[in-house]
Amino acid sequence: MSVRDAGPPIALLVIVVVLSLLSPQFRTTGNALNILDAAAVLAVVTCGTTFVLLLGSIDLSAAGVMGASSLVVAVLVENSRNNLDLGILGILIAVVLAAALGCVSGLLVVLLKVPSFMTTLGVSAIGLGIATLVFDGVQPGVVDPSLRSWATGRLLGLTYLTWIAVVCVLIAWFVQRYTRLGRYAMAIGGAEEVLALSGVRVGPYKVAVFTMAGAFYGLGAVMVTSQLGSGLVQSGASYTFASITAAVVGGTLLVGGRGGVLHSTVGVLLLTVLTNGLVLIGVSPYVQGGVQGLIVVVAVAVAAAPLRHRNQVVK
Amino acid sequence: MSAEGVVAQRSPSVVLEVRGLVKAYPGVTALDGVDLEVRQNEVLGLAGENGAGKSTLLKTLVGLVRPDAGEIYVRGQRVRLRNVVDAANHGIGMVFQEQSLVPNLTAAENIVLGCEGPAIRRGVYRWATMRALAQEQLDKIGSTIDPLARTDSLTFAERQMVEIAKVLRIEQRTHNSPVIILDEPTSVLEPSEIETLFEQVRRLREFASVIFVSHRLDEVLDVCDRVYVLRGGQSVGEVRPADAVAGDLHRMMIGSESHEDHYHGSAVTRDETPRERLTVRGLAGAAFRDVDLDVHAGEIVAVVGVHGSGREELCKALFGAVATTAGEVTLDGERLDLTGPRAACAAGVGYVPAERKVEGMVGPMSVADNMTLAKQRVGCAGPVIVPKRQNDIVDKWISRLSIRTPGRRTAIQRLSGGNQQKVILARWLVGGDVRLLLLDHPTRGLDVGARSEVYRLMRELAGTGVATLLLADSLEEAIGMADRVVVMSDGRIVAEVPCPPDRKPSPLDLVKEMV
Amino acid sequence: GDTDADGSAAAGTCDPADVKLVGQVRNESNPYEASWLDGGDLFAASVGLKQQRLTYDGESTKQQEQIRQILAGGDTTCLVMNVLPNGDSDTLPIVRAADQAKAFLVTQWNKPAELKPADYDRWISHLTYDGVESGRQIADALFEAMGGSGGVIALQGVLDTAAAKDRFAGLEAALGQNPGIKLLDQQTANFSRAEALAVTKTLLTKHGDAITGIWAANDDMALGALEALGQAGRAGKVAVVGIDAVPDAVKAVSESQMTATVSSDGPWQGGIGLAIGYCVATGELDMADITDVQRAFFAEQFLITSKNAGDFLAPKTDPAGFKCDNVFDRVAAPLK
Amino acid sequence: MSAPVTIRPSSDAAVVKGGPTRSESLTSLMPVLALVSLVIALAAAKPGFLSQPSMTAVVDAAAPLAVLAAGATIAVLCGGIDLSIAALASLSSVLLAMWLPTLGGLASVAVVGVAAAAGALQGAAHVFLRIPSFIVTLGGMSLFSSIALVISGAAPVPVIDDGPIRWGFTRIFDVVPSAAVVAVVVVAVLALLIKATPLGSWITATGYSEPAARLAGIPVDPLKIGAFCVSGACAGLAGVLLVARTFSGGPTMADSLLLPAVAAIVVGGTAITGGHGGLWRTLVGALVVTLLRVGLSVVGVSAAYESILYGALIVAAVALTLDRSKVMVVK
């Protein structure tokens, strides 16, 4: 592990130690499980964001994509709104819809050459529109027992959601490390121009990455829907910036080609631990955001410190 | 048109043939009916000025540039190359002028990139296979690089080797011998690395054909079996190295008599008494230490050394671009502030970086903007730009250095390399206050003509009292241009060799000190 | 625009067909506000008009921009707006803009105390609900369900809204009278179900079994808390209360998963604001006849417990309530 | 000091001008084209939309957004991004409302000063700690929000006497919104400052290629700090304008303007990667974004379709205004 890689895990460790000293409740097993559970959705969403960041692009569409997916899954599984009961197929459709929205972002980037910042912002608005259409005035409540059990069921002490997140992170890590898609995503972030010289058409891979990111958001939305017990338009609202922050804090750089899924997952844990710990040690709700922001900045600064040199470009 | 360029009947040994290739860009005709043939087991040289169309021609051969007209034949068969993969399938591969490796991947991945074959099955990497494949390629060229090392952790020369290993992958695609294109592979290599490369080229000739491009004409004559000369997008002739010298080649390239001499001529005006301008005492940094150095006003001092000798870092350190840990530097007796380029600029130090594209020019900005970037006060009244005044100054320098550009508002990236370099040099001259010039490979990638113009400019500046520290492109250049050569090795200065116009040392004398 | 010097109360002279109806809420993506707009449509249909539905995504700036844009679009003297200001601070600019454009305005929920409809010609009424009262009512119901002793946690709303503050004040008042109840912790979950879920989980870890009641400043958060309890395996062991009577919450109350909620009757709110404005605009109601109390009042609200939840399961809005004689039927008390 | 070099350029004939090509000038007109077509489309949907009061309202609504985005444009041109502007504008609104009773007219100046300092502080953190501006300003965003919540007690701060800031929300000759004049003046002053001094090419060079800019001796670090300082100052001024029109300050008042402000910058044709773009473009971008934000709902598009249309149109607008020749790879 390089110096750059070591920063975020060390920061995570320090924060965990400090919080454990400050709060007896923090260091209970129950709380550890709770943190893992709370990190589950963000971890899955961040898997998607990470791949987009590896490309050197940015993805602001999580909010909209998750909203659309959440409502679609809520009305397709057994629910309080209609008589549909597609079960696992409903979940699949929701994830596919999310992937399709991601695909649209990617296509717009590749075909129209519009920066991802804008395409994903636009797609987010479109997703929210779709969600509002499906919502149609009343929240569809999820009745489907198997989907509900995602949030409540436990295996070896961890909720199913946590396990899903673990599996997602492993899959994403595998994709990043062992598949052409993952390595090419890395390569596109490293030197996009070069790939063309090697006869690789980057367009399809970019679209695939955005599509995969969409799928992760869709799965994240299904998880949120299971947690909340109904389809919410706003279910993804907080995840856009949270996932980007988590990825960057973990060492996945915005310029692309650096970091990866495991880095980002460390970032997710760091943020979740902070949110949880600040509540437990009783920091006033007004200043929690500020304290969290400061710690993030300090963590990144400290992690970056050993690499500092003159003429280094930081955007 | 060429006398020998077109062969009437296709001899079986011709592997690649190009006829009447035309490629026009807005405003330029890069290729204007080029003919070319490459034979089995030969090294074919390609010479021409900057912008003659060499790279464009080669890029059409690997499918990166679609020609407007003309035909390409591979082993007598007309082909249409749509992309690099097409070309590779026909056995043509290229090492590009600018390095084209993905820095954050392993050497192995770069070597197989784009045609992974068995290294990827159903989209999934098989690292062991990939490693073996890459190792096989590296073994071919006798390189000992670890295939799983990240590319950005390799030295420049090692990366060049990776590129060559990569291009050799096309052997697997074709049963016949491949055509390997090397576009200016030597411009950034050290002499010893160049020698290694040439060994590889000669070895390649055993089973492949090689197209070789370089602006160092003696190199071309040395390694090639035949040399084509391009001028203004046309093939103007073929030269057999056996019965030609660099001068002949150059004459064909520019269409008139050459006057290449970078060895000091007679009439160099000098101050009578040498005046100390730059003094360096005990300077140390991450890559060098205990550096003592003096440069007089009007003196050109060349620093030579192999990769890792620390000379580039020293040069940057004098400009404040890398940090120093100890030492004292004065300029005209005053302490030189090394905290950053800004301070160095203000003190009258100018720096021309080696990586022109990344560190020198701002591509999309205009010639005028690039020229005034460092001396922004030029043409200003107080803090306010007076456009007329600034334009006049820029125009004067454009004609003074005969920079060939459509105009001062043209984006610098549209200029040829030599002209770009002149703009960067002019950047330090427009202020009229430069006292020390740090030139890091100022002629890298420039053609002979552009190079001699840069030489002329350097001499003229020296004549007016500017002290110059030169990191030369080749030992010949260093010896030719410098009044004194300083040899660095392992971060220290190990020797100083005087180079007066009448008593130039031989390159061999220097090499002895370097290793 | 303050009151005209001559005090001429604007007399409605609009042809009923010329009246334009605008209903504006934060968004259509939550059931309460969606039902509000539906109520507005219902009223509009009852007088043969259409309501223009506006939503501003909870963005104060967007709300202001929309209002000004609407008011800049031609003749506004027969325009009737039923507006839910995003926060207290948004009311004044809306009121001023409407007054200047001579459009009729009814606002609901948010208004700074010192701002009074009586000072304006065209701002007919402001109606809201006694947040202190609702906060106290559900707290009382909660404490009763807890048997008068135990620990509660409070989930606050968006901190800079009056609703959040008033409701919490109601809780504090109730706590004062119930010394057996201990407020273990209070956190904001920004009226959001997802945040409530996360915060509740954390607080459940922090306080464990000490928690026997959860007071939430709205139903969304209560439902989030309910989910958290389910996931912590404590469903049914902790009493939960909320405010708003969103369908899911009413259902939860009727199924005894939740203890209580308070209904403000969204569809009615959406209709009544337009109805008041329409009646004044057409002259059926004379501004002079509207009492000071009717211009700024707390509307009736209903505590829903398992006993009466059945009545609220299917929301029914009676158009008769929108008749000009009945528009002030639900005035419960003057604004404090 | 010894005599510096005396090599002098000869004064030969001037060189022909090589300027922007026709297609380049055309792409620089694209933002205006997008704006005009949007107005036409909205007017077709609802003819009354073209009326003078309606247009005045649009221009007025765009003004605070334009001021907010104008400052951030400079940070973007330098190759950074400022995500804290909206939160800083909210904080400024609170500060202004709190200071007005004691400071009167000076309060606006004080607020802009404080906001500028806050921006500069972020710039310094970005430059000296070498943290990406995205992260610094994201941290700044939550920090400023917290400060605003704490000092305001999480409640809006009413302005009793809005006399000293009435200049921010009046109509000149009953037609021209004063806020729009403020926005135009801000943009004009900044644009002039950039155009008339070397700052312009410093900013462009830094945005396109920071290493080259540094090695040309450009004071990149102070320049970036300055850019974030201007960005902060503009956020402060936007806060003042918002207080002038809402008669109160609120700790979350402007928070929702962040993404619209960035959208305004990009729709104007400024490259989010830095270097290429300009302030006037942002002014046009702010108008486009405002039209999309309020125009759609006002002409009667329902909430769900409004969102969908907004998403589609904003991408279309950027697709139109983007100068693809200036950005090598699209990220």
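General remarks:
Labels for the chains are A, B, C and D, by order of writing; each one numbers its residues from 1.
One rule holds for everything that comes next: a contact is a pair of C-beta atoms (placed from the backbone, for glycine too) under 8 Å apart; a residue touches a chain by one contact, two chains touch by 3 or more.
Molecules present, by chain and UniProt name: A, D = ABC transporter permease; B = Sugar ABC transporter ATP-binding protein.
Here the structure is a predicted model, which means the values were calculated and not measured.
Counting C-beta pairs in contact across A-D and across A-C shows that the higher total falls to A-D. Rounded to whole angstrom units, the spacing between the C-alpha centres of chain A and chain D is 29.
Rounded to a whole number, the gap between the C-alpha centres of chain B and chain C is 73 angstrom. Separating the centre of chain A from that of chain C, both taken as means of CA atoms, is a distance of 34 Å.
Computed from the mean C-alpha positions, the centre of chain A lies at a distance of 45 Å from the centre of chain B.
Counting only residues that touch two or more partner chains, chain B has 321, 340.
Those residues of chain C in touch with two or more other chains are numbered 27-29, 159. Under the contact definition stated at the top, the residues of chain D that touch 2 or more other chains are 149, 154, 211, 214-215, 303-304, 306.
Shown are all chain pairs that touch, namely A-B, A-C, A-D, B-D, C-D. Against chain A, in their complex, chain B makes its touches with residues 64, 83-85, 88, 96, 100-105, 109, 113-116, 120, 123-125, 127, 166, 320-323, 340. In the complex of the two chains, the chain A residues touching chain B come out as 177-181, 183, 186-187, 189-191, 193-201, 257-258, 309-311. Against chain D, the residues of chain A that register as touching in their complex are 55-58, 60, 64, 108-109, 112-119, 121-130, 132-133, 192-193, 241, 244-245, 248-249, 253-254, 256, 284, 286-294, 296-297, 300-301, 304-305, 307-308, 311-315. If you check the complex, the residues on chain B that touch chain D are 275, 277, 297, 319, 321, 332, 334, 340-342, 344-346, 348, 351, 353, 358-365, 369, 372-374, 376-377, 380, 383-385, 391-393, 395-400, 405-410, 427, 429, 432-435, 460-461, 464-466. Touching chain C in their complex are the following residues of chain D: 46, 48-49, 51, 53-54, 56-58, 60-61, 64, 149, 152, 154-156, 158, 242, 245-254, 256-257, 290, 293-295, 297-298, 300, 302-304, 306.
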